Structure formats: C-alpha cells, structure tokens
Amino acid sequence: MKLYDQIFNVVKQFRKLFSPGPVTNADVSGSITAEIFLIVSLILSAILLRHVNVLLAGLVTLILAIVLISNIPLIPKFKIEQEDSLEKMIFYAVVTLSIIVVFLYWGGNLV
Amino acid sequence: MLEFVLMIIIVVSAILALIQKDLLKAAILTGFTGAAVAVLFQVLLAPDVALTQAIVGAAIVPVFIALAVKKTQRSDG
Amino acid sequence: MNELIPLMVIVPLMAGLLISAFSKFNKATKIFAFVVAICLPIIPLASNYGLHFFGGYEPIVDNVTSVMFHPAITYSFTFLQQIFIAMIGILTFLVVFIYLTKYKEISGPYLFLLFLGTAAVTAMLLTDDIFHMFVFFEILALAQVGIVAASSIDYSYEMALKYMILGSIGSPIMLLGIGFLLAMTGSVNVTDIAVAVHNGLVDITSPVFLLSLGLIFFGWLYASGLPPFHTIKSGIYSKAEPHGAALLQSFTVISMISIVLIMFRIYSTLPIFEVLIVFFSILAMILGVSLALTQTDFRRMIGFLAVGELGFIGLGIGLGTQYAITAGLFQALNEIIITALLFIGFGAIVNATNEVDTRKLGGLLAYHPKVSIMLLIGGLAMAGVPPLSGFQSKLMLVQASLSCGYPEISILAIMVSIATFVVFVKTYYSMFLKPKPTELKVENMEVPRAMIFAMGVLLIIIVVLGIFPDVVTAGISNFVGGIL
Amino acid sequence: MAQTQLVILFTSAALIIIGLYSAIFIDNIIKKIIGISFIEEGANLFIVAIGYKPGGVVPILMPGMDTSWFAANAAYPLPFGLVLTSIVIGASTLAVMLALVMVLYRRYGTLSTKVMLADTSKQEEYNE
C-alpha cells in the first residue's frame, strides 16, 4: 500500500493547488491506473526501436524503465506540463515544428 | 537593387513593430511591411497580387489593428 | 448524374448563407434548415461515382510523354467519399434537428456555421487539388472557432482564441509545404504530383521534398489534433455545446483522413512518412488516454478519449498495407459515430443537471435509464466489445499490425482499448451508479426527444456496422487498392 | 538562381522566423497577432517567388504579342492566383482574432496573454 499512500498524498496536494474538492477513491485509482498505463506503454513503445537496432532498443528500454520508475508519481508532473495555457501550447507546437523540420531536412534519408 | 531596399524596409519595420511600446505605432509599422511586400510582388511580376496586397496589407490590416487598439488599450503593459 | 457531385458542397454552403440572411423569418427558416439537412445524406447516396471537372476543363494528354495533366479543379467521388459524406450528412441532420427542437428562437449565424463546416469537410474529402483542400481547411478552422465561440459555456471565447492563434501558426506552415511541392512539380493537382513523384521527375531524396513533407505534416497534426495539439483539441470539444462537439469531432476525423490520404498518395514512397505517422499516433494514444484518466470534467474526458482514438486511425494508415489502411479508415467511420453518440448522450446529462464535474454527480440511473443504457452501449463500442462496430475495426487493426511484424503495436492497441474502457467505466460509475449526492438537483426530468432519437439512430448504425462490417470494408478495401 | 529570388527567399524566411519568435516570446496579445500575421505574409512571398521568372514579363497576353514568345517569357501565373486567395484568408483570420481579443479585453481589462489565455483553473482564480 505504500504506492497508494504516496499517490494519495500527491493527488491531495494537487487538488489543493488546482481544483479544490474532496479526494475520492476513484481519483486515486484513476491516477494509479494512469501511472501504470503510462510507464508500461512508454516502455512498450521503446521496444519498437528493435526494428532499428536490437542493442539500442535494449539500452533505451532499460534506461527508460529506471528513469520512469524512480520518478513515480509521474502523472502530476505530467499534467502540469499538459495544461491548457497558450504559452505552453505554443511552446510545444513550435518545438515540435523545429524538431520535425531539422530531423527531416538533415536526417530524412537515414530511415 | 530595389529588392534589397524593400527587404530592409520589410524586416526592419517588422522588428520595429514588435518592439514598439505604443500599439498604434505598431499598427502603422505593420502597414509599412504590408506596403513594401506589395511593391515586392510588383517586382516579382505579379501586379494583380500586388494590388490586393496593397489594399489588404497596407490599408485594411492596419486599420483593423488600430480599431482593436482603440477599443482596448494603447500602451503595451 | 455527375452534376450532383459539386452540389454536395454547394447545397450546404448556399443553404447556410440563405439561413443567416433570412433568419428573422423564424418559422420558414426552421423548415428550410430541416429540409436541407434531410437532403444532405440523400445527395451522396443518389449520386453516381465519377469525376467532376470545374469549368468543364477536361484533362489534357501530353502527346510526347503521354502523361495526363489536370488543368481544372477536380472532384473525385468514389465509394469512400460516398460513405463518409453520407455519414457526415446524417450527423449534420441529427445535430441540426437537435438544435432546431431545443431552441424556439433559432440563431441564423450558428446554423450557418454548422452548414459551413459540413460544406468544408465535404469539399476536403472530394477534392483532388491540394490548394483547394488548404482553402477549405482554413474555412473549416474559422467555422470550428465560430461554433466554439457561439456556445454559452464559460471560457469558450478564450478557448476559441487559443485555437485560432495555434491555427494561424499551423496553416501558413502547411501553405509553405504546399508551396515547396508546387515549386518542385509546377502543379497543385494531387494526381499530377503523385505521377511526377512516382515517375522520378522529382528527386525524392532531396531535402526540399522531405522538408515539404515535414511542413505539410505539421499542418496535418494541427488539423487532426494529434500531439502537441491534443490539449487544444480536447479543450474545444469541452467548450462547445454537446451537439456542436459531436459535429466538431467528426470534422476533425474527416479533415484528418482527407489530408492523410493526400499525403499518402504523394509521399508513400518515403519510409520516413510511415515512421512519423506511427510515432505521433502512438504518442496520441498514450497521452490521450492517460490524460483522460485524470480528468474530472467529463466533457474534457471524452475529448481526450476522442484524441486517443484518433491514434488508431493514424496507426492503420502508418502501417501502410492494404488491410491496415482499410482498418484505419473503417475505424475513422466508427469513431465519427461512436464519439458523436457519447457527446450527445453526455450532453443530455448536462442538460438535466447543469453539472459537469463527475465528483458532484451520481445516481442518475433512476432518472434517465434510457440515456444510460444507450451511453453504456456506446462506451462498450468505443472500447471494442463484440459485436459492436468498434470491435470489428480494432480487431482488423490488431491483425494488420501482427501481420506487418509489429506485435508491440498490437499489444499497445489492446492496452489502450482496455484503458479506454477503464476511463469509461469510471465515469459511468460516478455518474449513474454511485449514490446520489444530496446537493445535486436534477432539474429537467425529461431528456429532449430529439436527443433520444439521434442516439437511437447512431446506435442502430453502430450495431449494423458491427454485425455486417463487409458492407463498408469491401468498398473501402477496393478504394485503398486503387491508391496503393 | 537569380539574385532577386534569393533576396525574396531571405525576406520570407526572416518574416517567418520573426513570426515564430513573436508567437513564443511576446506577451502582449495584439503584438502576438501582428507577429503571427507575418508568418502568413512570409509564406505568400515564398509562393509568389516560385512563379517569378528572371527577365520575364507579366503574365497578361496583350494584343500583338507573339504567343510562343509569351509562353517562353511570361511568369508562371498559377502561384499568383493561389496567393490572392491566401491573402484574403489571412486578413479574415486576423479580423476574427482581433474581434475575440476585443471581447476578452472587456472581461479581463488587460492585454497580457499570461492572464487572458492562461490555464482555465487559473482564470477562475483571477475572476474570484
């Protein structure tokens, strides 16, 4: 139950910060599901790198797993980055644009 | 040679528009950019586009911005 | 009968203009809007397949190289266009019907925006001209902003302005990409560009060609609300009226598939194209579902789920085989119907309680049993439970990714389906099954008849498509065989 | 590539970069909208530059011109037609954005993006 308590506390603080209201079991179980789903799906998609290079895939998966699991709980940090203020949205849009352009212009033929 | 002058006008007035404290001045400088772009279209053998851009970029857009500034506030702060 | 093809765009456009001009004649406008809305699904079903050249400029054959050029804006109408336009027509009819019965005094401009959006997505599906597609893409963005801003929900203006500002970054970038393509091929007709690319007239390894892919791809991300635009897309769904949101998500899905099919025809020879689409689709699935799990506003939650489901469509197209693309397009069709059902159903709850926070809701099963049963079936269809339509398309996708040699993607797809189901059950429990909080007041005991009717129609389509998927998939598969 | 075209390409690149910079870093919403309209202008400029032919003539067939000479020397008119549409779309988008800003200014009394277009939960706090 350590994970549950830890996430319960985080959700409680989080609610205090953003939208006040009672913390219920459904909230916490939702957060835990999201947490586990996020970790597993990110690691699973890292395995897709094996089509590029098997060694790279193993290395990336291992590092990703260690980084993600040692940073539990992820969802609150994650949600702060995904809020709907214009600044953050434009920032991510422009960063994505520049990554796509740079990657395609110089590395598009490598794949 | 003309296009160099126009390029300098476009870029400088665009930058000046964005560092102005007075928003009305920014609107007028936007009109400068629009007009210079219109002349550039004429240099590029597109007189029909130049006409449209002269009306839209040099007159309508600055007027819209000026109206918006008049209805809100003039200083950037 | 090919004269009917341009009518599919012209009828909603003209009807919208007339309605907004004569909206003071309330009764006559209502009848007119209703008649036009009925016509919308009938026109594509009555029309024959074929091409339409605007201005009558037939294609010119170059005698030396025997390559065909298309000087006119061309509309091509095949089975895929027919089924999607008919579906969007049915949806527009239902939404207009709900709107007309909900308000006594109708607003002409709002109906104009609904019809304008329908006309824009119809044109995007039909057109074979990349710049024509861009123009209607911009018109669609304006219509979407209008629909959001016209709703009376708090902070809808803010959300509309945010969407507009992001759009005015996304669309010039897409225009720039179209400009690069135009510079290399000298044409804006997609068939001509694709012929030029496949015949080797364009160097497909040149950085400029790749750059044009990147720029158009960014515009596509904005149009379809994949990351980094998933927050704004789910935001505008949650700030529109529920029936408006049902239409908005169908606009998103249709603009997504029409742009991606054009990109597929041009760039399918580049391996990086498929990598990019699969990458962003997986990101959309993960982000959409995991953010939906943490939401408390159920409109926002459905918005994030809709974004997550978009990932499945992208996945099907990114895998690139005939079976996979068929599965992706079939999933797009299913998603339009299912998400519309969910938005309308949850809209009925907002209508009854004026409350959107799931923590303050509960015990509504006793008040609205019909709505709750229909919503349950819709949610099961979205999660992919047999024998509903979502199951068929998701099964096809899982099979396609297994046969392409990517078992990880199938596992991921199944996991996302399960998580979708968890999100739905969590919300369903807290809205319908949990004991009713004492401070919750159920104001309107009656759910509008039009909403029940709309949900019933959509539910019938879901069940029919789930039992007889071949009605649609055979035709889509033929179409995909044609563009591969 | 001719010198004129190169200058045009630099200008349009400069306009696009100025626009993207202002989208991220400028706080005042009206200036941000002005900056974003520069992106559109840069894209238009680029597309017109595609149709340009160094030493060519305006693509209007005057009476008395030889048709084959005209076909060899006139600029390519298709991009010009496209840009006409694009300019009008850009102006209408700008007008809608400014109208929304005017409505929102009445509610917030400021033009700062950080206040006006922040996260929804923070806006609720501001209004209280």
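Letters A, B, C and D name the chains as they come in the text, with residue numbers starting at 1 for each one.
One rule holds in what follows: contacts are C-beta pairs under 8 Å (C-beta built on N, C-alpha and C of every residue); 3 or more make two chains touch, one makes a residue touch a chain.
Computed from a prediction, not measured in an experiment: that's the story for all the values here.
The interface holding more C-beta pairs in contact, when B-D is weighed against C-D, is B-D. Between the Cα centres of chain B and chain D there is a gap of 11 Å.
A straight line joining the Cα centres of chain A and chain C is 26 Å long. Averaging C-alpha coordinates per chain places the centre of chain B 37 Å away from that of chain C. The multi-chain contact residues of chain A, meaning those touching 2 or more other chains, are 19, 83-84, 86, 90, 94, 97.
Annotation for chain C: residues 162, 165, 169, 173 touch two or more other chains. Multi-chain contact residues, meaning those touching two or more other chains, occur in chain D at positions 20, 23, 33, 37, 44, 90, 94, 101, 117, 120. Chain pairs that touch one another: A-C, A-D, B-D, C-D. Within the complex, the chain D residues that touch chain B are 4, 7-8, 10-11, 14-15, 18, 22, 26, 28, 30-31, 33-35, 37-38, 41, 44-45, 48-49, 51-53, 56-60, 75, 80, 83-84, 87-88, 90-91, 94-95, 98-99, 101-102, 105, 110-111. Taken together, the chain D residues at the contact with chain A in this complex read 20, 23-24, 113-114, 117-122.
Across the complex, chain D is touched by residues 131, 135, 138-139, 141-142, 145, 149, 155, 157-158, 160-162, 164-165, 167-169, 172-173, 175-176, 179, 182-183, 186-188 of chain C. Within the complex, the chain A residues that touch chain C are 19, 21-22, 24, 26-27, 29-31, 33-34, 37-38, 40-42, 44-45, 47-48, 51, 75, 78-79, 82-84, 86, 89-90, 92-97, 100-101, 103-106, 108-109, 111. Contacts from chain D toward chain C in the complex involve residues 16, 19-20, 23, 32-33, 36-37, 39-40, 42-44, 46-47, 50, 76, 78-79, 82, 85-86, 89-90, 92-94, 96-97, 100-101, 103-104, 116-117, 120, 123.
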